[in-house]
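I've put the structures underneath this note.
Shared between the two complexes below is chain A, which has chain B as its partner in the first and chain C in the second.
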Partner chain A sequence: MSVSSGRKTIRILRAELDKLMTLPWIWTAVTVTFLVHLLLTAAFTSASLQEGAAAPGILNTGLASMSYLQAGFIILGILAACSEYTGGQIRTTLTVIPWRGRQLFMKHLALTLITIPAAFILTASGVLYAGWRLDGHAAGVEPHEVIQALLGATGYLTLTTLLSAAIGALLRRTLPALVILLGYYFIISPWSRGLLPAYFPDTAGRYMYLLPSSGELNVLTPVQGAGILMIWSVSLVAVAIVVYRIRDA
Partner chain B sequence: MVLTINNLVKRRGTQEILSGITFEARPGRVTGFLGPNGAGKSSTLRILLGLDHATAGSALIHGKPFAELQHPLRTVGAALDGSGAHPMRTGQAHLRWIACAAGLPRSRVEEVLDIVGLTKAAGTRVKRYSLGMGRRLGIAAALLADPEILILDEPVNGLDPEGIRWIRTFLRKRAEAGNTVLLSSHLMGELAETVDDVVIIKQGRIVADGTLQEVTGSHSTLEDAFFALTSEQAGDAW
Partner chain C sequence: MKAFHAEISKLLSLPGIWLALLIGALAPAVIAALDAIAEKEAIIAGVSTRLPEMGYSGLGLGVQGVIILGVLAVSSEYRTESSEGAGGQQISTSLMVVSSRLQLFLAKAGAVSVISILLCILAVILIVPTTRYILGDYAPLLEWTRLAGAVCYWTFTALLAFGLTLLTKQGMIPLTMLMINSSLVSFSVLLAKVTKLAFYLPDRAGMEMFMFTKNSASTEVTGSLFDSYHTPFTGGLIMFAWVAVLLGIAAIVFHRRDVAA
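And then the complex of A and B:
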């Protein structure tokens, strides 16, 4: 009995989705990220109200915790990739699905399918909360601006998750991957702001969800920011697949 | 021939861990791949299963590398050391994703859980399994697609006497039904009653290959033969 390549690919995708959905760490990461995000959004919203700003922005306030929110998605990506190397699961994976390139690609696709709704729900909940609390105090915001910011934020978090999964797949161990990525995003990048060029993944990617401001120098457009972050993520996923194919499991 | 390993060489850095391994496993027989810890048994099986790459030589299943098999799980059921499952996942969830990847019905998961005696522990996280339960889960995964070839690395490790007896009987039945069984072990005494053919490896080299009778020769047990063969080969007793 011969199985078509398309059916085989769908089975691999379903198996990778099944793996992610039945791993409690994935749900813990998403749930904790959601709760922390809501708490931070509540804190930022209260601060905006107490500061008595003339017209605090709903989008700026609702997405103010994005830099912290991304930590949860970095962890999500690393857990998804490195979970293969816990308990010897990689041996099972490769004896069931020995087509390495296709398997790792499908794992990233499955992760994308989980990340997109999670990222959208999280970012939209922050903006909705800020909109509710700031009702009557905030500056007006156009619906298309809200949609653009939410899509940009969702895209940013999804691409950051994929980048993190690729780093996790390359390093195969959770702790080193966490140290490197969280170290970069939360220590190296903030400290060297202004020194790092705008084409690093986080510095370019933030233009995906920040509304252009007349008071600031807008180095990149949202599309340029998305393009640069996508190049980073796709390149790292491609490198991870090449290395995965040639090295011993 | 079903499993053909031909002049297999594996180097890691400057160390040669497999030096020209050659043997075959035939259908309808249990082939015991025996040797002390660190002899190269697992490395050979990992190359056969496509997990590691050979430096030279080949390890083929029906004349093909493992990765070129159209239906890997239906052709080969493999259980290497441990359970091969993420410790946070339940045994049932572990088998379900494997069944999904191989296009098998979910009912098959319940069947293999029953075969290996893990039905009651199906919903328990793998981290709570004993060593023996982990081995049983690994064997359940290997049996999911009822493959014609079984490759088991140290299958009796961690099993209680009842489990060892179960696997001996089970493997004999598989072979008698015409399937190919290749199992590795460092416990010669435990498997002498199970195997038809014996391949003995020491320090990355094959030191004996033949039927159980041929390898045992004039020695009273397979274990005696093993020690005699390996000390002759290495020129020392260990």
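And then the complex of A and C:
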């Protein structure tokens, strides 16, 4: 049976989406992330209610749990990539879809399609909750600022997910990938902040959703931050694809 | 004793264990070195505030290594092998060889504790010359009680990771939770802003065994939250109580659970 190249691509994308949607841990990860995010936002909100006038604005409170939230999305990316390697699924996948580069690219595309709505819903719910609780207590925000911050946060989470998926595809084992990424995002990076220039994926990406009003800390504009993070993610995905093409499965 | 031996050799031959040993042994010294360099500039500038904390912050973060150790020790048993390997789990083999579940549990917990104690001692041995070399005459004497506290903290954390993983049967959830929680953006520190009860959480209480001297100065990241709340001894007791309760629950669950479930 001969299928045109475009049809083939769409079929691969559908297959990858199907596989992602039916992974048992994906939905658990998203749901747990959502619940933890709400709990943390509640904690941040009540902390900033106690602080009173000095409290950060609605947006900053609503997005304060971003640094925890990204853990959920790191897990999502790693799961998507490493699930191929638990059991012999990778051999089935490659028997059915022998075009490796296209297959891995479509996997990342499918992951993006799932991550964008999930990330948007999560960040928006946090900001909505903070807005509801802090109404009248904190300075108001302009609608376009909210939209900009939400888009930035969604983009940040999506690119982080892609980056983790690429690392997962490179390492092929869930736990080491998880340790390395969490170790970087939660230990090395906060610890070395201020020592290193802000060109690393998380430090640059933070400027995508931080409000420009936080003083001289803002070295990068949101667009610059997004660009740097995008370079990181895209080049890691490219490396993953190249390695995947030449490696023994 | 044979079971204990077997657990040690199983643990040391795990595929991911090098990461745990590397982080546990080297990370504290590296962090202590960077910390000491920053502190030396502060001393020369005359604004030194954190001298008594030197070296210990590395121990607080290097605990990641034993978290990985504790998680891997259990999650490797429950990892399902590929379908070519008949989809088996190592736990069924382990239980066939050591048929008493309590004995297996104790042997495993013992192996995890012994390795984390050794790892912590190794980390301390590496930290002492590092700070001494960088800080020279300024280097504070590391007190034995606080070092012993750090060893306890590492062992208890490894056992917490072990117990949690035994309950969840897979490594991702406990690993994520504990790794984030022992970082600078820990949940417990956040919760301590909201309620005083957070000071009784295991990591927050356990840290006080070695981390907080009176009037310890704040860093810009953590703020003044890192003041001591318990004495080192009560901190250790609180953490030990958490470990005992968690291991008790884990032992009961492990004893009663169907292997395949």
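One rule holds in what follows: the second predicted complex is superposed on the first by the 244 of 249 C-alpha atoms of A that agree within 3 Å, B and C clash if a C-alpha of one lies under 4 Å from a C-alpha of the other, contacts with A are read in each partner's own complex, and residues count from 1 in each chain.
Basically, a contact is a pair of C-beta atoms (placed from the backbone, for glycine too) under 8 Å apart; a residue touches a chain by one contact, two chains touch by 3 or more.
This structure is a prediction, so every number in the text was calculated from the model and none was measured.
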Contacts of A:88 with chain B and chain C, given as first, second, both or neither: both
Contacts of A:43 with chain B and chain C, given as first, second, both or neither: second
Which superposed partner A:179 touches (first chain B, second chain C, both, neither): second
Contacts of A:71 with chain B and chain C, given as first, second, both or neither: second
First (chain B), second (chain C), both or neither touched by A:190: second
First (chain B), second (chain C), both or neither touched by A:97: first
On chain A, positions contacted by chain B and by chain C: 25, 86-88
Interface residues, chain A side, partner chain C - complex: 25, 32, 40, 43-44, 46-47, 50, 67-68, 71, 75, 86-88, 173-176, 178-180, 182-183, 186-187, 190-193, 195
List of chain C residues in touch with chain A within their complex: 15-16, 19, 23, 31, 34, 61, 64, 68, 71-72, 75, 80, 82-84, 87, 171-173, 175-176, 179-180, 183-185, 187, 190-191, 193-194, 221
Contacting residues of chain B [partner chain A, same complex]: 46, 49-53, 66-67, 69-73, 76, 78, 80-90, 93-94, 96-98, 100-103, 126, 141
Interface residues, chain A side, partner chain B - complex: 1-3, 7, 11-12, 14-15, 18-19, 22-25, 83, 86-89, 91-92, 94-100, 246, 248-249
